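Structures for review follow.
Two complexes come next, and they have one chain in common, chain A, joined by chain B in the first and chain C in the second.
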Partner chain A sequence: MATVTGWGPAFCPWKTPMADVAMQSPAVKAPTARARTLRGDAGIAWLLTLPAILAYCAMILLPLLAVLALAFTDYEFGARSFRWIGFGNFADMLGDRTFSASIRNTVVYCLFVAPLSIGIALGLAVLIEAGARGRAFWRAVFFLPVVSLTVAMATAWQYLLHPSIGPLNALLRVIGAGTPNWLGSSDWVIVSLGFIGVWENVGFNLVLFLAGLTAIPRELYAASEIDGARSGWSKFWLVTWPMLGPTMLFVIIITMTRSIRVFDTVQTLTQGGPNNASEVLLRTIYQEGFHYFRFGYSAAITLVFLVIVLGLMLIQTRLIDRRVHYG
Partner chain B sequence: MTKDILTREMRISRRHTLTLMGGAAVSVAMPSVVRAQAAEIQVHYSMPAIFKEAQDAVMAAFSAKHPEVKATYVNPTPTYEDGAQLLLRNAATNSMPDVSFQGLNRLRMFAERGVAVDLAPLLAKEGDLAKLGYSPAILGLGFHAKVQCGLPFATSNPISYYNATLLKRAGLDPSKFPTTWDQVIVDSQKVRALGDGNDGMFFRWPGDDWMFSALLYGHGGRMLNDAETDVAFNGAEGLAALRLLDRMVKEGGMPNYAGTADLQAFAAGKLGMMFRTTAQVRSIANSVGSNFELGTTIMPVIDAAKGRLPTGGAAAMITAKDPRKLEAAWKFVKFATSAEGTTLMVKNTGYVPCNQIAIDDPSYLGDFYKANPLFQAATRQVHLMVPWYAFPGQNSVRVTQVMVDNLARIVEQKATPEAVLADMATEVRRLIPRQG
Partner chain C sequence: MQSRPLILDLPRLALLSLAAFVVLAPYIWMVAVSVKPQDEVFKASLSLIPQKWALVENYGKVLATIPVWTYIGNGLIVCFGILFFQILFAVPAAYALAKLNFRGRELVFGFVMLGLLVPYQTTALPLYLGIHQLGLLNSYTALIAPFTCSVFAIFLFRQFFRAIPDDLINAARIDGMGEFSIVWRVVLPNALPAATAFAIFSVVAHWNDLFWPLIVIQKGDLYTPAMGILAFRSVEAGEDYGALMAAALLVTAPLVLAFLLAQRRFIEGITMTGLKG
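Right, the complex of A and B next:
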């Protein structure tokens, strides 16, 4: 994942602002002096980024290349040899029931968690920002799920959602509603996991939105009021919403990648069951690699996973970035 | 003034103590210098939550008896899976521990990949194996791919757990626990009739194929044919096993518990009967506490003549190839699986003893079982135990998942036993190695 997040625009040593200035500067006339400045600055720039480059190569690039190579082999963990099988692993995926279930569930999970957690977080952020008191309190309350250990919290969820002794179903029984088997039924399991995902993500998004909200200059609200935006809604729509553009883009990317990466709740609560109804991509990768020891196949799924994440990033930055005004 | 003297005195005495301690340390260290010739071996095991106390006891007793071998534990791995991974990883880097305790159904993989040392020549040197307590049945649990790849250290079989308090409330007599599944299903309905979220029974089918094999072996069925070229579970026995599971849901009202929800419901006193491994007797008894009266007994019998039960647990496996280390490792494995070692294991875990002498001679465990009746159920089924079948080839673990996925369709009542059996046979067939 660091491949994606660590790939920011800030990391461009070959395009140092100093070099740009030097090139544009009309004051520098002598070609030798200019070249020397360029070489010196660029050299220092490279030198300064060297530790980062080395770390990047050792921690991200090389493992990535290893995964890339493994994806085209039938290597099994502990096996003494392997064969190159070309696209064999990818062909296997097409007929793999678990893999297709895992793709489907991951997509459903993302489409459920991302909009809900972003929408709820935005609503809460605006409410908290508008409130006069208790900001720190509410922020802490909603941020709590983010800092709590998911595996430990999953145990609490398992109890809350327990079909016979869980408080939720006890409540439903009292009001006479049906008592679904939240984590045991293939019709409900992905929805239940989705709600846990929303609960996990709202706090994180909320804090990001709050930061975005405080960055909006007060004068804009005053100006919009003079221009006739009196209601809360028109202020939100005309000032807050467009000014939150960059934050929104960031939150969407973060939430999408976070929900594609869902693993711990699934692993602790359902182990992908029943009958693959909650199998998700990351768990499939884990299961194939570390449970069945099929490293080659697992690497191939990892590649698919990377391509999906990179594709999402591209779509989001290319399409949405254009509409973000003040980015 | 007085204070100063006091401190100085204290300093001196502290220095004295330190010198003394240093001297003591040297003298303690001396034997190890002398014993530099002693063979050093590293031992690995999994699931410290269950095995730590037993392993520590075995190690202490072994070290006292065999000072010529210096055995140490590497960090234990949390699950059998992690343990298998660790060993495979170490095999790749040539840094394996010398002895490893592995899950019984993983042994075959290590035998097929040439990681496990064949213990047959070592056993042959020992002479009369009966005197060591290694019966053919016990040895059979560690025999895979024509290799004696391990000696069983701790074995388990499925048993019945029941909430006697709840069964009494439903008008049942816990001392007459059902001996047939038909009766289990009838009793389950009675417990459910109490309402208030009470459930009658849960058969622990998820996780792996182990509990399904209890139903299959119970009917006298087998997983694959003798040559291991084709599935054998798709006959009458397999269908009967799946139909029984179907009836547990349809007639017995068995809920579809995910993860450890069954244990939680049971501990909360909301589940009448539960069928799962004896390995959990200790932890279940702990979680139940004094909430209600807990009982255990043998599994309901399906076919009195042909019926068998699968064996779970761990075996000691040797990976050391160096002759000196091999000799030391063999000493350790022999001790851990001896009557003495197995007694320590049983007392600290609740698993079934894996040494015929400890099973037959009451001087080893007689008192323990008298004091801990909950542990008796499993030992009453020892004669029924057959190996937990490990599928051949590279997909051996994957096959078990395919089976569990298909069982889920029955428990969710989304497919008939007939349809599931056909699908299961097709999918498993694809995963076992083709002949030739």
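Right, the complex of A and C next:
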């Protein structure tokens, strides 16, 4: 079970004050937990779990099994019958240009958003942590995009990035630079969407890093100074970077699994265009399933999506088992 | 380090301010454009203050074209409907998993962990089929039902409930309380921080969701805020950025205001529970 629980808060590498309550108390209470109240009347226990079990079966388990089955059929929504076609849908994917564009764009998007949003978040976290002024203020400002309605904010970005009336290009005109059609040209569209993705994710990662930084014992910095690390730069590489290891791993996986689900901004701003240049996985699933009603094919793409997400989680749990503990 | 004089702190503050400006840019222009008349928007000037205010025109147009309050109301009904059932189903189950001994407990918990691995978008196709079969497309039920079982809530509450002393529960039993009232009157009140964190996480996630409402809702009077903006873009506003920004601002405001009032709780809630985000 330990590998799977790697996803739960109990194994989170950071500690917010509140998370402490959740994470540490079970450990502290371990002896009592062993001597658990044995009055446990199985009937009552099942009665208490019954609503959740029924909802789970109806909303998660059965649909999951159904998707697995659908992926191997040619079922179309509204059709009276369907045939089992084995791996036919998966074979079709290989020759599907929309699908290959979708995979490619999703990968590019993730590889753009993850490093940038993580790097920027780490830089900002170190800057915030380096002084006392306005800590809560900065944190709130950078976190704001996380709680903002993505569709609405995407619309605001569309105005900012508008080729002729947008402030960004107005600024570029002033300094005499080129004025690309950010969301309308196939060269720039993924970069623009990726930039919005970075904007969305930085605050989230920042808060995780802040928690990770607060957890680093102050004495380590003093010790590194004795060892000759005078500059902030060498202290960062000597102390902060290795101590942030577990947090970093967690943030990487979280950011990847968040950015692989990009949908709202694409659906709002580009609808996958121009010419499939911003087609992404979730949108392809949506489009194939609920626009063309090819449920079998859409289910097969869903499985690909699921396998990628599970793969990311597997990497995380593998690495967490091996991660180095300091302090 | 903490009490550095302001002058030495300036480079750090300047860098942070620059980054903050980029992050806040869409908000700043959203507010500015929402009070600008259309001709000024199209002049593409960098100035933020309008020469002629168009606050009434822009917001008036939004309110006259789309039922913003209905969308916000729908958003509230859906979010709190989902939250209500999530708590109703998850809390007793989490209590049983944390504090009661029964055969099959490990199995149930195993399924909870399995559920944590599955993004909700995975199950959209069969859920749509089922909801269609039941004739429930275009209903609050379609928007709420698929999210009623939150394995994440079960997991989170279980972690919290394990920390509650058994003595407290035994004392309640000696006082003659049944297991059901123990769950709601003893255990849950002792896990309010977890409940708050989860509530914030859940409301933010579903207020912002677009994927699922887009699939099951076609009727305008059931649109959620996110869908409302999409509809307004395609139907009416097109290039009328003044009205568009006004609409965007109106539907973004409720959560952002709530966030500004309770920042700490929001940040804790979302990052603590964020692994399902």
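Everything below uses one rule, namely that the second predicted complex is superposed on the first by the 254 of 327 C-alpha atoms of A that agree within 3 Å, B and C clash if a C-alpha of one lies under 4 Å from a C-alpha of the other, contacts with A are read in each partner's own complex, and residues count from 1 in each chain.
To be clear about the criterion, a contact is a pair of C-beta atoms (placed from the backbone, for glycine too) under 8 Å apart; a residue touches a chain by one contact, two chains touch by 3 or more.
It should be emphasised that the depicted structure is a prediction, and the values quoted were computed from it without experimental measurement.
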Chain B versus chain C as contact partner of A:Phe290, first or second or both or neither: both
Chain B versus chain C as contact partner of A:Pro51, first or second or both or neither: second
First, second, both or neither for A:Val147, with chain B first and chain C second: second
Which superposed partner A:Leu238 touches (first chain B, second chain C, both, neither): neither
Partner chain(s) touched by A:Leu172 [first = chain B, second = chain C, both, neither]: neither
Contacts of A:Ile216 with chain B and chain C, given as first, second, both or neither: neither
Which superposed partner A:Val107 touches (first chain B, second chain C, both, neither): neither
Touch count on chain A, higher of chain B and chain C: C
First (chain B), second (chain C), both or neither touched by A:Leu160: second
Partner chain in contact with A:Leu312 - chain B first, chain C second, else both or neither: neither
Intersection of the chain A residues that touch chain B with those that touch chain C: 77, 159, 162, 164-165, 169-170, 268, 290
Chain A to chain C touching residues, read off their complex: 1, 4-5, 7-10, 12, 14, 16-19, 21-23, 25-26, 28-29, 32-33, 35-42, 44-46, 48-49, 51-53, 55-56, 58-64, 66-67, 70, 77, 120, 124, 127-128, 130-134, 136, 138-153, 155-157, 159-160, 162, 164-167, 169-171, 174, 199, 202-204, 207-208, 211, 254, 257-258, 261, 263-264, 267-268, 282, 285-286, 289-290, 295, 298-299, 302, 305-306, 309-310, 313
Residue ranges of chain B in contact with chain A within the complex: 81, 85, 87-89, 91-92, 113, 115, 197-199, 206-207, 255-261, 264-265, 268, 270-271, 394-395, 397-398, 401, 404-406, 408-409, 411-412, 414
Touching residues (chain side chain A, partner chain B) in the complex: 76-80, 158-159, 162-165, 169-170, 173, 181, 183-186, 189, 268-271, 273-276, 287, 290-294
Contacting residues of chain C [partner chain A, same complex]: 1-4, 6, 9, 12-13, 15-16, 19-20, 22-27, 29-30, 33, 41-46, 85, 88-90, 92-93, 95-97, 99-105, 108-111, 113-119, 121-130, 145-149, 151, 154-156, 159-160, 162-163, 165-166, 169-170, 173, 179-180, 183, 193-194, 197, 204, 207-208, 210-211, 214-215, 225-227, 229-230, 233, 241, 244-245, 247-249, 251-252, 255-256, 258-260, 263-264, 266-268, 270-275, 277
